[in-house]
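Going by the order they are written in, the chains are A, B, C and D; count residues from 1 in each one.
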Amino acid sequence: MRLSTGFVRASGYAHKVRRVLFALTRGKVDPKEVVRAAGELNQHIFEKLGELGVEKSDVIRITVPFTIEDGKIEWDYENLKIEVYKKSEEEKLAMAMEEIEEREKALEEQIKELEELALQLKETSEKILEKLEELKQEHTSLKLRAEG
Amino acid sequence: MRLSTGFVRASGYAHKVRRVLFALTRGKVDPKEVVRAAGELNQHIFEKLGELGVEKSDVIRITVPFTIEDGKIEWDYENLKIEVYKKSEEEKLAMAMEEIEEREKALEEQIKELEELALQLKETSEKILEKLEELKQEHTSLKLRAEG
Amino acid sequence: MRLSTGFVRASGYAHKVRRVLFALTRGKVDPKEVVRAAGELNQHIFEKLGELGVEKSDVIRITVPFTIEDGKIEWDYENLKIEVYKKSEEEKLAMAMEEIEEREKALEEQIKELEELALQLKETSEKILEKLEELKQEHTSLKLRAEG
Amino acid sequence: MRLSTGFVRASGYAHKVRRVLFALTRGKVDPKEVVRAAGELNQHIFEKLGELGVEKSDVIRITVPFTIEDGKIEWDYENLKIEVYKKSEEEKLAMAMEEIEEREKALEEQIKELEELALQLKETSEKILEKLEELKQEHTSLKLRAEG
């Protein structure tokens, strides 16, 4: 398999790597391993970007082959490629990528709010089941959890 | 402490013992222990009812002291009392208790339906959180469960 | 059709009439009409109980035929029957009915708590849908409610 | 106020206009009016793009001032600006914008699935409240909706 970040502002490459890796491996790899593997690759890329003198506002594009063995992601660092588009040369591209970053932050904000509501929902659901169990215990002969 | 079933049809004493015990010990004793202790007492009462020649449609009233030690319910069988009201002598009482049993069955039916809905609710809540996690993984930089 | 309250403490006849009427007419009559018809009948019974010198702790049993016409409940007052069991004569019955009343209050308390949770649930569900609509409006091309 | 689409593929300008307008006017304008106003502006832009010979894969950037009066959005068409970046000249930009479109489709798919779950949730919540009302009607003296 091959991970390709597409165009991304250098400032946001690490998140992009992780997201793409999650999308590529959904259902195939444990999320903890995705987080670990993305972290490992990102560290490697970080060093390369330093060597290449890439700046935050430059746009880059990274591709790297990988394999999944026994649920573990192994990067083929030999074949890692990093394309760099300097802001000074690809001004419009750099501006567009900056806009994308802004928009993603707005999306994150909303998803975060949604998540808080979903956690409230879970809590309420659990309280309802708890209260129903109490009702069953004290007012019915229905099978209880404790009878499992 | 003292468990008192109140008036109850002999046919339903076991459930009544358990319900009353749950209500009396709520928050103090593990539900599994309540189930166990009720079962133990009910077995004891069952034998006594046999000895007393009690019939299903007779009405009885049971009281028994108990203690809770280290989360365990201990029955004071020495002081167990069973009053028996023969249907032939307390006809109206027996009829009233039969009605109560009917009504409780209707209540149980409705609570059961409510529980099924609450289980659906729990499942949907979990799916929503799951789907949100996926959204976070693939489209945001928000903290993931796998980063716990 | 015929409404029969079964044995009930005189103090609680009105609620019992309403509950039984709800159970008998579920899905056939509008809840508002059930409330109205129960109120009308209860007023009528109230006067009769006064005439009969019934006391709160006596036990009574009421039966009354009725018809449903065009969604309206009509009581056949001619054939209303009220049986009265004086506490002094049916002591055990009166005591049993008092116990039932107590237990119903405990049940009510728990159902009330459950209802509060269910209302919270509804509110959270609505907020989730609202937030999702916002997400759709600002981050997708999905069909919106406003496009109905 | 001023709507600015940022860089966007010509193929997707209409959705972008609407999203940005929703984000800008959240809480200030009725969603139906947002949909209407976006539709009106998009029609206008559509004609301009035709005149300018813009192709789907070109990248454009639109800005237009507007006012909100009595809850209605009025476009200042006189000051509408459309910048066009031909794919042939800004190749990397065009490719990046195409990627963004792809990613947005994936996001939409997931939000759609989330919405289906949220609608299920709503339905289950309503069924729970319905069932509880039934329980209250037939087993309690609690205040009913029909008594509202």
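Going forward, a residue touches a chain if its C-beta (ideal position, glycine included) is under 8 Å from a C-beta of that chain, and two chains touch if they have at least 3 such contacts.
It should be emphasised that the depicted structure is a prediction, and the values quoted were computed from it without experimental measurement.
Counting only chains that touch, the fewest steps needed to get from subunit B to subunit D is 1. Taking the mean Cα position of each chain as its centre, A sits at the greatest distance from subunit C. Rounded to whole angstrom, the centroid-to-centroid distance between subunit A and subunit C, based on C-alpha atoms, equals 52 Å. Separating the CA-averaged centres of subunit A and subunit B is a span of 46 Å. Note on chain placement: the centre of subunit A and the centre of subunit D lie 24 Å apart, centres being C-alpha means.
Shown for subunit B are the residues that touch two or more other chains, namely 23, 103, 106-107, 111, 114, 118, 121, 125, 128, 132, 134-135, 138-139.
Against subunit C, the residues of subunit B that register as touching in their complex are 6-7, 23, 59, 85, 90, 92-93, 95-97, 99-100, 103, 106-107, 114, 121, 128. Within the complex, the subunit D residues that touch subunit B are 103, 106-107, 110-111, 113-114, 117-118, 120-121, 124-125, 127-128, 131-132, 134-135, 138-139.
Interface residues of subunit B, counted against subunit A in their complex, comprise 12, 15, 18-19, 22-23, 26, 30-32, 34-35, 104, 107-108, 111-112, 114-115, 118-119, 121-122, 125-126, 128-129, 132-142, 144-147.
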